[in-house]
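These are the structures in question, set out in turn.
In the two complexes below, subunit A is the common chain; its partner is subunit B in one and subunit C in the other.
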Partner chain A sequence: MSTKASRSAARLMISPAVVLLLMWMIVPLVMTVYFSFLRYNLLSPGATPWAGWENYYWFITDPSFNDAIWNTLALVGGILVITVVGGIGFALLLDRPMFGTGVIRIMVIAPFFVMPTVSALVWKNMFFNPVNGIFGNIATSLGLQPIDFFAEIPLLSIIFIVSWMWLPFATLILLTALQSLDQEQLEAAEMDGASWSSRFWYIMLPHLARAITVVILIQTIFLLSVFAEILVTTNGGPGTATTNLTYLIYVSSLLQFDVGMGSAGGVFAIILANIVAIFLMRMIGKNLDA
Partner chain B sequence: MGRITLEKVTKSFGEVEVIPPLDLTIEDGEFAVFVGPSGCGKSTLLRLIAGLEDTTSGHIRIDGEDATDLPPAKRGLAMVFQSYALYPHMSVRKNIAFPMKMAKVPEDEQNRRIEQAAKALNLTDYLDRRPGQLSGGQRQRVAIGRAIVREPAAFLFDEPLSNLDAALRVGMRLEISELHKRLATTMIYVTHDQVEAMTMADKIVVLRAGNIEQVGSPLELYKTPRNTFVAGFIGSPKMNLFEGAEADKLGAHTAGVRPEHIEVGDPASAYWSGTVGVAEHLGSDTFFHIHETGLADTITVRAPGDVDYKHGDRIGLNPRMDMIHKFDQQGLRIQ
Partner chain C sequence: MARAVSTKQKSINTAIAGTLGFLMFFPILWILILSFKTEEDAIRAPLEVLFSSGWTLDSFGAVQARSDYFKHFSNSVIISVGSTVLGLLIAIPAAWSMAFVPSRHTKNILMWMLSTKMLPPVGVLVPIYLIFRDTGLLDSRTGLTIVLTLMNLPIIVWMLYTYFKEIPGEILEAARMDGASLREEVLYVLTPMAIPGMASTMLLNIILAWNEAFWTLNLTAAKAAPLTAFIASYSSPEGLFYAKLSAASIMAIAPILIMGWFSQKQLVRGLTFGAVK
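Moving on to the complex of A and B:
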């Protein structure tokens, strides 16, 4: 198949697609980098003088920047912990033969198909609202003070909403991984005297390791850019309590009309995402070798 | 010690009764082979003994103690699976150590037993490899090593050689037989291959549809099969079974004669005659498939390697009359 001629033909024929993809990626990237070095504010149109590193300086020294970084990391980390641990739990439950498995599996995966804005609104109004929400009602009926989720524990509330959306994804991937485990291995371990917890720890968990890293990688990519849930529920507040990097960039470029500063933030976000990606790739590479 | 007794054991999956009431005793130190065609319930029976399946009724005793409701780990049995079921993410050493780790055997003792097992099974050089880096035969030995270190009351083998190629299978067969001689532990071995059963067993249990057709030593089964099923199943090539006029003449509903108990000769003076179909030359022996004998479609004859007949030749057959097996209407042996 791969003669010299066929290989160069393949290269030639694939090149239009590659060039197009490259442009698709390179042009916006270069423009963002370029804008990040301009004093480019939509409130003072016309002149866009060269600004050097000023945009970066002001973006990084902005008091909300620190908060945004920590919020981003807390958001990603928290959701990852909840979805991976919860996903393993759900996968173990769904792996058991039971009545109505098909229906239950569809119900479990359903939240993943709900749009982020919709699910955030549902949670905000139906569950978390201290007066009309279900949790508020339960608290009041028990004679407790209802919690005003978005005022008292805003970041945790957002983590919870996004986790609810991503838990099905983790469950589905971990469930398929669990079902690919050779039953004879579990039986062998049972005969070897392993209790359920030992079987889980020594047989199932190592078998799931690869699926877990895949879940972590894919989710991290999407969770670094959580935006709709924040916009719909808290608008990044109270203060900067739920402002993540994505939201901060939105604030700079579209609320403060400072395109230059927003671009600088965007470049910073790209660098952050790449650092995370390098770590994850290493982790996964190690796991996929085995 | 490892005397295993099954008393009226049955197993049903829903409505389907896989194993009707069954009694069987396997003596301490015995090498018992469960053999039968696929779907005869031999693996299910082994899993019942192992405790991986629950019995529907009846009792399983190990050394006189009722083990029917004991979990697998408490029965003191070790099992070697068809797929080997090695733990892929652990090294060979950790695989072999796993049952001892679960039983909380002290570390020095663990290492001593691992070294011993590795030496016995030629695994010393492979202890730090992963199962994925081993060949089929080596994986098989690791699985056996993992069973040995538990020092079980009995070993259970579930078709352990079916994933190996033919040459390796013969070698492993010998190794397992030698292991049995050395350890003198009870072994129960499940296979669909009657050659494995004949070569390894002290006691063969022939199963069909969950029923025990016959229990006995390999030669007992070879010489006095109790019914037509056992007669056709044990022995290679298969026994020639035929019905009709020739069988009636011998005073049986079904008569059978093994290929090695027929001598070829002059078609004019021989007891039976036929036309040679395929001749399989093995060197030491030649198997002739003979048609148009008036007995059955094909009669197989085993002749010395230097006997030469060609396709289409007429051939005479002289059975050894004292080696003819006779069966009645129900397929049972006529003494």
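Moving on to the complex of A and C:
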């Protein structure tokens, strides 16, 4: 099939996608790296002198950087634990025979399709609001003091909201993986007298290992960039209690107009994401028999 | 699950899964209910809300009157459909040639395309913002469409590639044996078999573009703001607008919820890049 003519035609067909993606990747990336070495603030127009590593130094020694790193780790880690453990649970549950599987499945998966700004605002107002929210109402009717979620446990509240959105994703992927498990293997183990827990530990979990890794890696890529949920609920506060790396870079770039510093942060975020990406790419690459 | 399962066991499973599923779905159900209530009813205690008698469509009208909802809705439609169609136009030839005329570079190209997707958007926020400012693309639907096209292009290429790969080469050979020309081969054999894959790719990408909330929030203001950014304007506490917020939210998520239900299976393929099947 691959004659010389069809090969050059193929190259021609690929090139628009390759050229566009190359530009989309290289141009802004080079600019970010370049800006990160300049003293460049949009509020003070004029010369943009070379700054060396200054921006990196100030970005990293800023006390909010420290907070942002910890918040980012807590956010990603917390959400991963909740979604992976919950996702395994949901997947095992939904894999069982029951009535109305389709409807139940749809109810579980639905939150994934809700746009981030909607889910954040709905949880913030309708549930977490200490006066009018449902949680506040329940607490009051039980005679308890309602919790002011975003003042008392701001980071946990955001972890909760984002987990609600990503739990369906983990469930869906783990369920897909679970359904590809050979049922005869499970039945054979059962006939040999293996208990449910040993079937889970020795057959199901190893079978799910790959899918779990994929869920962890893909979610990490997305969760490092959690932004909208923070913007519409806490604006990174109180103080820096919910400022993650993405939000911190947004603050220095678009609120303080410090292009140099924001770019230094951007380079930092790219490096962090790449560490995860390398592992993910390897796993995907192994599966690709091109 | 070939074995017979007792009805009792099935009922227990249904009860547990149903309860948990209901809890997951509850926030969506709740805003659906609130969207048909008056503002006074919407902030009552939950049980009072349920049993308050008034049901009204006022909130939906109020949302439109307050802030030209349909402008933002059409922004969302134009940006998400536009970027998806544009992406498909660029991606179809690329995926097509990689699937049917693979070379030794194909795998590397695919992996490289994927790696562009791993770039955190915030890493290129400053340059994109400045480029947009200088070219007048800030707060324009054109600019946002371009960004979302490029952002989702790797996913589109990948999904199409995996679908095209599944079309067996023998069919093409058979068609050629029967004397089909290349044009006929593409038009009458390949295209019909590729259409389902293209349709689900399109569906998933409209969903992703519709819900995208980093670039839409940072690159738009009043004029080109799609629904993600419009809903964000409800975060300012200028009084309590539960019913209106609910109505606006329901209208913003309903189309995507419906599309999402149809594309559950494609979601796994599209978002794991074939790593989970």
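Following the convention adopted for this analysis, the second predicted complex is superposed on the first by the 259 of 290 C-alpha atoms of A that agree within 3 Å, B and C clash if a C-alpha of one lies under 4 Å from a C-alpha of the other, contacts with A are read in each partner's own complex, and residues count from 1 in each chain.
Criterion: contacts are C-beta pairs under 8 Å (C-beta built on N, C-alpha and C of every residue); 3 or more make two chains touch, one makes a residue touch a chain.
Since this is a predicted model, take the numbers as computed values, not measurements.
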item: Subunit B versus subunit C as contact partner of A:Leu92, first or second or both or neither; value: neither
item: Partner chain in contact with A:Leu178 - subunit B first, subunit C second, else both or neither; value: neither
item: Partner, of subunit C and subunit B, that touches more residues belonging to subunit A; value: C
item: Which of subunit B and subunit C A:Ile134 touches, first, second, both or neither; value: second
item: Contacts of A:Glu187 with subunit B and subunit C, given as first, second, both or neither; value: both
item: Touching partner for A:Trp123 - first (subunit B), second (subunit C), both, neither; value: second
item: First, second, both or neither for A:Phe35, with subunit B first and subunit C second; value: second
item: Touching partner for A:Leu280 - first (subunit B), second (subunit C), both, neither; value: second
item: Subunit B/subunit C common contact set on subunit A; value: 187, 290
item: Interface residues, subunit A side, partner subunit C - complex; value: 1-2, 6-7, 9-11, 13-14, 16-18, 20-21, 24-25, 27-29, 31-32, 35, 90, 93-94, 96-100, 103-119, 121-127, 132, 134, 137-138, 141, 164, 167-169, 172-173, 176-177, 180, 183, 187, 210-211, 214, 218, 221, 224-225, 227-228, 231-233, 245-246, 249-250, 253-254, 259, 262-263, 265-267, 269-270, 272-274, 276-277, 280-281, 283-285, 287-288, 290
item: Residue numbers on subunit B that touch subunit A, as the complex places them; value: 50-52, 71-73, 77-79, 81-83, 85-90, 98-99, 102-103, 130, 146, 150
item: Of all residues in subunit A, those that touch subunit B in their complex; value: 182, 184-185, 187-195, 198, 202-203, 206-207, 209, 290
item: Residues of subunit C touching subunit A in the complex; value: 1-3, 5, 9-11, 13-14, 16-18, 20-22, 24-25, 27-28, 30-31, 34, 43, 45-46, 90-91, 93-94, 96-98, 100-103, 106-107, 109-111, 113-116, 118-131, 150, 153-154, 157, 169, 172, 207, 210-211, 213-214, 217-218, 227-229, 231-232, 234-235, 240, 242, 245-246, 249, 252-253, 256-257, 259-261, 264-265, 267-268, 271-277
